[in-house]
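Read through the structures below before going on.
Each of the next two complexes has subunit A plus one more chain, namely subunit B in the first and subunit C in the second.
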Partner chain A sequence: MSALMGLSPLLLLVAAGLAIMLVDAFTSERSELALVTAASLFVGAALAGAMLAGGDIAPAPDVVTRYLAVDELGLFFDIVICVGAGLSALLAGGYLREHGFERGEFYVLIIFTAFGAMVLARAVDLLSIFLGLETMSLGAYALVAYRRTSARAVEGAVKYFLLGSFAAAILLFGSALLYGATGHTDLAGIREVVAAGEADATLTILALVMLIAGLAFKVGAVPFHMWVPDAYEGAATPVTTFMSVGVKAAAVAVLLRVLVGAFGDPVSMGLYTGWTPVIMLMAIVTMVYGNLAALAQTSVKRMLAYSSIAHAGYILVGLAAVHEAGSFAVSSVLYYIAAYTVSNVLAFGSLILMGSKGKEAVSYDDLAGAGRRHPMAAFPFVIGVLSLLGMPPTAGFFGKYYVFSAAVSAGGPMIWVAVIGVLASAVGAYYYLKVIVYLFMREPEEDQPIAVPMQSIYVTVALVLAGYYVLKMGITPSRYLDWAASAASSLIG
Partner chain B sequence: MTTQYLTWLLAIPALSALVVLLLPRSWETATKRFAIGAMLVEFIVSTRLILADYSEAGYRFVEHVTWVESFGISYKVGVDGISLWLVILTTLLSPIALYASWGSIKTRIKEYAFSFLLLELGMLGAFVALDLFLFYVFWELMLVPMYLIIGVWGGKDRVYAAVKFFLYTMVGSLLMLVAILYVVASYEKLAGHYTFDLQELSTLFLPAVPQYLLFSAFALAFAIKVPMFPFHTWLPDAHVQAPTGGSVILAAVLLKLGIYGFIRFAMPLFPVASQTLGPVLAGLGVVGIIYGAYAAWVQRDLKKLVAYSSVSHMGFILLGLFAMNRHGVSGAILQMINHGISTGALFLLVGVIYDRRHSRMLDDFGGLAKVMPWYTLFFLIITLSSIGLPGTNGFVGEFMILAGSFFSRTSIGFGSSWFVMTLLATTGVIFAAVYMLHAVLRIFWGKVVHPENESLPDLNRREVVSLLPLIVLVFWIGLYPKFFLDKMNPAVDSFISDFTIRYYEGRRTVEPHLTDLDELKLRLKGVRSLAMTESTGEDVQR
Partner chain C sequence: MGIGTYLALASVLFGIGAAGFLARRNMLIQLMSIELMLNAVNVLLLAFNRAYPGNHDGQVFAFFVIAVAAAEAAVGLAILIAYYRIKKTLDTDDATLLKY
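Up next is the complex of A and B:
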C-alpha cells in the first residue's frame, strides 16, 4: 500500500470521481456536489503538499515509475492542478446555480479532467503522455460544450475539439517518429540515446518539432493559440478558469518533462544547436501578440483569454532560459505557474461575482461603476488584475520577477528577450488598468441594464482563498519558492 | 538596543490604512480625523530621526532582516543625511495635503484616506530602502494609490491623465527592473550568492558598455519621475486633473523620488556612466529650466502654470546634482525640500481659489488683493520663495546650485560648457520671476473685473493651518539653512568622494570584478601620499 503513497492524490481523485457519479445518480438536485468536489481536490492538494514539504516520497514499484513519475515535480503539479480545479469547482458551485444549469456531471468531469491533467504532468513515457493528454482533453472538450444551449459555447467547443484533435495527432506522429529514431518510448531511454548522439538527427528534429507543436497548442502559445479566445469566451466562466490554470499547467509540465527531461543534454538544449531558439522566438511572439491583441478587446472575458496567451509567453521565457540558468529557470517556470493559477482564479472569480442571474458580467461596460456601487465585490478584482499585471506585493510580481531574473541570468540574447517581455507587460498595464478604470472611474450608460453582483458563499470562499494566496505568495514567498526549487531539482539536478 | 523607528514609520501608515478600511462607511468625520491623526503621529515619530547624530556619513537606524533567503532579498532600511530630510518632507506634507483635501473631497472619504495612507507608506519605504528589491517594491507600490487618487477624484479628463501617469512610470520602472536583475546576476556570478543589498552591490564594477546600458535604464525610470525634459509630458496632465491633495503630494514628494533614485542608486552603482552622461542630463535639465519657464509663462490655467514651473525647478535640481561638488549636490538636495515646500504650497493655494470659484483661469480673476488680503499675503510669500528672493528658502537653494554648477569641473569635452549652462540656468531665475509675477499681477492687482469675485471669503481656518507650517519653513530655511545643511553635508561629502573613488576604479575596469570601497580607499591613500608633492587630488587617476 505504501508503495502507492506517492500516487495517492491521483487515486483519491479517481475514487472521489466515481463516488460523486454514484451520489449524483441517487440524490436530488440540491446536493452540495461542488463542496464535495472542491473538498476532495483540496485534500488531494494537501496530500501532495504534505509529501512535498515532508521531503520523503515512498518509492513506487518499477512498473508504475516506468510510465508515471513519482517525484517532487509531479507533486508540485498535483498541488497546482488540484488547487486550480478545486477553486474552479467552488466558483462553479456559485455560478452554475445562479445561472440555472447546475448538473452533477459537471463536477465529475472536472474531477476526471483534473485527474487527466495530473497524469499528464507525471507522464514520463510517450504512451502515458498521450493517454494523459487525451483523458484531460476529452474532459475539457466536454466541459467547454457543457452549456449546450449557447451557440458560442458549442462553437468554441467544436473549434477546440477539431484543432485539439489535429494537435493530438501531430503529437502522436511526433512520438512515433521519436520511437523510430531512438527505439525508446520512455523519456529516460530517449534521453540516453539522444545525449549519446546515436539517434537519427533528421528524424529526431522532425519529431521534436511535432512534439513542441502539439504541446504548444495546449499551452496556448502563438502560433498555436487560435482556439484560445473562442473556447475561453464560449465556455462557462468556471470552465474557462479551470482551462486557463489546470490544463495549461499540465501542458507546461509535460513540456518541461519532454524538453528538459528527454532533450536536456547540452547539445539538444544549446542556444545554437537545440530547441532553445525555437522556444525563445515563440516566447517573444506570444508575449507581444497576446498583449497587443488583449488591448483591442471589449469583452473582459476575451481580454483575460488573450492575457492568458501572454502569460504563456512569460512562462516560455523561463523555459528558454533553462539552457544556461538550469534549475533556477525551471523553478521560475514552476513558481510562475503557481502564481498565475491563484491570480487568474481571482480575476475570473471576480468576473463571475460581478454578474447575477439574467445579466452575466462579460464586457467592460458591464463593470462600469460597479466598484462605486459594490466596493467589497470589486476589491478582489483589483487585486487580481494587479497580480496579473505584476505589481507588488502580489504573487504575480514575484512570478514575473523570477522568470525575468532567470532570463537575465541566462545572459546573451535572453537579456533582450527579458527587455521585450517587460515592455510587452507594460502594454498589459493598459488593459488590466482598464478594468479598474471601468470599476471605479466610469458610470454605466443610462439605458444599459446594470450587472448586479451575485450572492454566493461558494464564490466568496473561492475568492477569499485565492486572494489570500495571491498576497501570501507576494509577501512571504519563501515556502513556495522552496517547493518550486525542490520540484525543479527533481527534474534537473 | 534595537531601535526600530523606521519599521514603526512604515508600520503606522500601513496599519492605519487597514483600520481605515475596516471603519464603517458612515463614519466620515471619524475617518477623516483618524487618518489625519495617524499622519500626525507619524510626523512626530519621524522627528525623532532628526535628533540622531549625522556628523559622520553613513546610515542611521539601520535594520536588516532577511526576507527571501534564496534570492538574497532582505528588508534593509536606514536613513542618512540625504534621505532624512526627504522623509521629514514626506511626513510633514502628507497630513497637510490630506487635511487640505477635506475641503474639496466629499465622496468616498474612506477610500481616499486609504489611498493616501498607502501612498505615504510607498514614499517613505522608497526613501528608506537600502535593498534594491525593497526599493522597487515600494517604488511600484506608490503607483497604484496615486493612480487611483488622480483617476477617481480628479477632474474631467482624469482617466486619461491617470492612465498616462501610470504607463509612463511603469515603462521606466520595468526597464529598471531588468537592469537591477542584470546587476544582481553579475554579482552572483562573481560572489556565488544573490543579494539585493545596495552596499554589497556597490562593490561590483562592470565594464563600460553594460554600465552605460544599465545606467540608461535606471536614468530613464528616474528621469520620467523627475520629470526631466523630454519625459515631462505626463506631468501637466496629471497635475491639472489631480485633486488638490494629490497635486501637492505629487509635486512635493513623488518627483523627488526621481532625483533621490539618481543619488542613492544610479550614480553609486554606475559611476563611469553617470560621470560621462551626467553633464548631458544636466544639459537636459537646463533645457527643462528654460522650456518649463516659457511654457509656464503662456499658461492661462494657474494649475498648469505651477505644473510647468515644476519642470523648470526640477531642471535646477538636476543641474546641481550633476555638477558633482558639495555646493551643487547640497544645493540640489536643499532645493528638493524647497520645491516641496513652495510648490506644495502653491498647489494648496490654487486649490483654495478653485474651491471657491471652480475655475483656475487667470482671466477669471483680478483684484483679489482687496477681497482676500490674507490669501494675497500667503500667495505672495510663496511666490517670492518660488522665484528665489533672498531671505526665502528658494534663494539659498538656487544660489548653491548655480554656484556649484559654475565651479563644476566634470567635463564633457569643452571646458566652458558648465559656464554656458550656468548662464542659461540663471536666465531661468529671471523667467521664473516673469511668469510668477505675471500671474500675481493678473490675479491680485487691478480692479475686481468679475462681479462673482467681489464676495469671495478669505482663507478659512483649515487653509491657514495647512499653510502656516510651510510659511514658517520658507523663512527658516531662507534665514538659517545651516540647521539643514549641517545634517546633510557629511553625507554629501562622502557621496561625492565615494563616487570619485568608484569612478576611477570603474574607468580601469575591463572585466567585471568585486572590490570593496574600503580597500579602494586604502589603495588610494598610498597613491595619494606618493603624488602629494607634485599635484592636487584631481589627477589621482593613473
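Up next is the complex of A and C:
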C-alpha cells in the first residue's frame, strides 16, 4: 500500500470520480456535488502538499515509475492542477445553478479531466504522455460542448476537437519517430541514447519538431493558438477557467519533462545546436501576438483568452532560459504557473460573479458602472486583473519577476527576449486596466440591461480562496518558491 | 523489404491524412483523415519494432493507439452530432459564429 503512497492524489481522484458518477445516477438532488467534487480535489492537493512539504516521498515500484514519475515535480503539478480544478468546480457550483443547466456529469468530467492532466504532468514515457494527453483532452472536449444547446459552445467544441485531434496525431507521429530513432519509449532511455549521440539525427530532429508542435498546441502558443479564443469563448465560464489553468499547467509540465528531461543534454538544449532558439522565437511571437490581439477585443472573456496566450509566452521565456539558468529557470516557470493559476481563477471567477440569470456578463459594456453599484463584488476583479498584469503586491508580480530574471541571468540573446517581454506586458496594462475603468468610471448605456452580481456561497468561497493566495504569494512568496525549487531540482539536478 | 519501405508507406499515409484534414471542408471527412493519420502511426510503430526485437514496446503502443482512437471517435462523433442538430450542416466554412 505504502508503495503507491506517492500516487495517492491520483488514486483518490479516480475513486472520487467513480463515486460521484454512482451518486449522481441514484439521486435526483445534485446540489452538493460541486462541494463533494471540490472537497475531493482539495484533499488531493493537500495530500500532495503534505508529501512535498514533508520532503519524504515513498519510493514506488519500478513498474510504476517507468511510466509515471513519483517525484517533487509531479507533486507540485498535482497541487496546481487540483487547486485549479477544485476552484473551477466551486465556480461551476454557483454558475451552473444560476444559469439553470446543472447536471451531474459536469463534475465527473472535471474530476477525470483533472486526473488526465495529473497523469500527463507525471508522464515519463511516450506511451503515458499519449494516454494522459488523450484522457485530459477527451474530457476537455466534452466539457467545452457541455452546454450542448448553445451554438457557440458546440462550435467552440468542434473547432477544439478537430484541431486538438490533429495536433495529437502529429505528436503521436513524432513519438513513433523518436521510438524509431532511439529504440526507447521511456524518456530516461531516450535521454541516454540522444546524449550519447547514438540516435539517428534526421529522425530525432523531425520527431522533436513534431513533439514541440503537438505540445505547443496544448499550451496555446502562437502559431498553434487558433483554437484558444474560440474554445475559451464558447465554453461555459467555469470550463474556460479550468482549461486555462489545469489543462495548460499539465501541458507545461510535459513540455518540461520532454524538453528538459529527455532532451536536456548540453547539445540538444544548446543555444545554437538545440531546441532553445525554437522556444525563444515562439515565446517572443506568443507574447507580442497575445497582447496585441487582446487589445482589440470587446468581450472580456475573449480578452482573457488572448491574455492566456500571452501568459503562455511568458512561461516559454522561462523555458528558453533553462539552457543557461538551469534549475532557477525551471523553478521560475513553476512559480509562474502557480501564480497564474490563482490569478486567472480570480479574474474568471469575478466575471462569473458579475452575471446573474438571464444576463451573463461577457463584454466590457456589461461591466459598465458595476463597480460603483457593487464595490464588494468588483473588488476581486480588481485584484485579479492587477495580478495578471503583474502589479505588486500580487502573485503575478513575482511570477513575471522570476521569469524575466531567469531570462536575464541566462544572458546573451535571452536579455533581449526579457526586454521584449517587459514591453509586451506593458501593452497588457491597457486592456487589464480597461476592465477597472469600465467597472468604476463608466455608466451603462440607456437601453442596456444592468448587470446584477449573482449570490452564491460557492462562488464567494472560490473567490476568497483565490484572492487569499494571490495576495499571499505576492507578499510572502518564499514558501512557494521553495516548493518550486525542490520540484525543479527533481527534474534538473 | 527494409524498414525504409515501411517508413515511406507510413509517411505517405500520414501525408494523405494531413492533406485531407487541411483541404476538405466536411468535418466528418476531416475526422476520417485524422483516423488515417493515427493508422499511419501504427504502421510506423510496428515497423520500428522489427528494428528493436528486444521488446514489444512498439506493438503494445499500437494497441493503445487503436483503443484511444476509438474513444476519440466516440467523443468526436457526439460533438459533431450536437453541432449538426444546431447548424444542419457539417461544412467548416459555416462555423463562423466565433471569430477574431
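The definition used in the following text is that the second predicted complex is superposed on the first by the 490 of 493 C-alpha atoms of A that agree within 3 Å, B and C clash if a C-alpha of one lies under 4 Å from a C-alpha of the other, contacts with A are read in each partner's own complex, and residues count from 1 in each chain.
The rule is simple: contacts are C-beta pairs under 8 Å (C-beta built on N, C-alpha and C of every residue); 3 or more make two chains touch, one makes a residue touch a chain.
Note that the structure is a prediction, hence the values are computed from the model and not measured.
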item	value
Partners on subunit A (subunit B, subunit C) - clash or fit	fit
Which of subunit B and subunit C A:Asp482 touches, first, second, both or neither	first
Touching partner for A:Leu18 - first (subunit B), second (subunit C), both, neither	neither
Angle at subunit A between subunit B and subunit C, C-alpha centres, nearest 10 degrees	140
Partner chain in contact with A:Leu131 - subunit B first, subunit C second, else both or neither	second
Touching partner for A:Pro393 - first (subunit B), second (subunit C), both, neither	first
First, second, both or neither for A:Tyr430, with subunit B first and subunit C second	first
Partner chain in contact with A:Gly180 - subunit B first, subunit C second, else both or neither	second
Touched partner set for A:Lys159, first subunit B, second subunit C, both or neither	second
Nearest-approach distance, in Å, of subunit C Cα atoms to those of subunit B in the combined model	25
Complex contact set, residues of subunit B against subunit A	68-71, 108, 111, 136-137, 140-141, 143-144, 147-148, 151-152, 158-159, 162-163, 166-167, 170-171, 174-175, 177-178, 181-182, 184-185, 188
Touch list for subunit A against partner subunit B, complex	372, 375, 386, 391-393, 397, 401, 404-405, 408-409, 411, 415, 418-419, 422-423, 425-426, 429-430, 433, 436-437, 440-442, 477-478, 481-482, 485
Residue ranges of subunit A in contact with subunit C within the complex	126-127, 130-131, 134, 138, 141-142, 145, 148-149, 151-152, 154-159, 161-162, 165-166, 168-170, 172-173, 175-177, 179-180, 183-185, 229-230, 233-234, 296
In the complex with subunit A, residue positions of subunit C that touch it	7, 10, 14, 17-18, 21, 27, 30-31, 34, 37-38, 40-41, 44-45, 47-48, 51-52, 54, 57-58, 60-61, 64-65, 68, 71-72, 75-76, 78-80, 82-83, 86-87, 95, 97-100
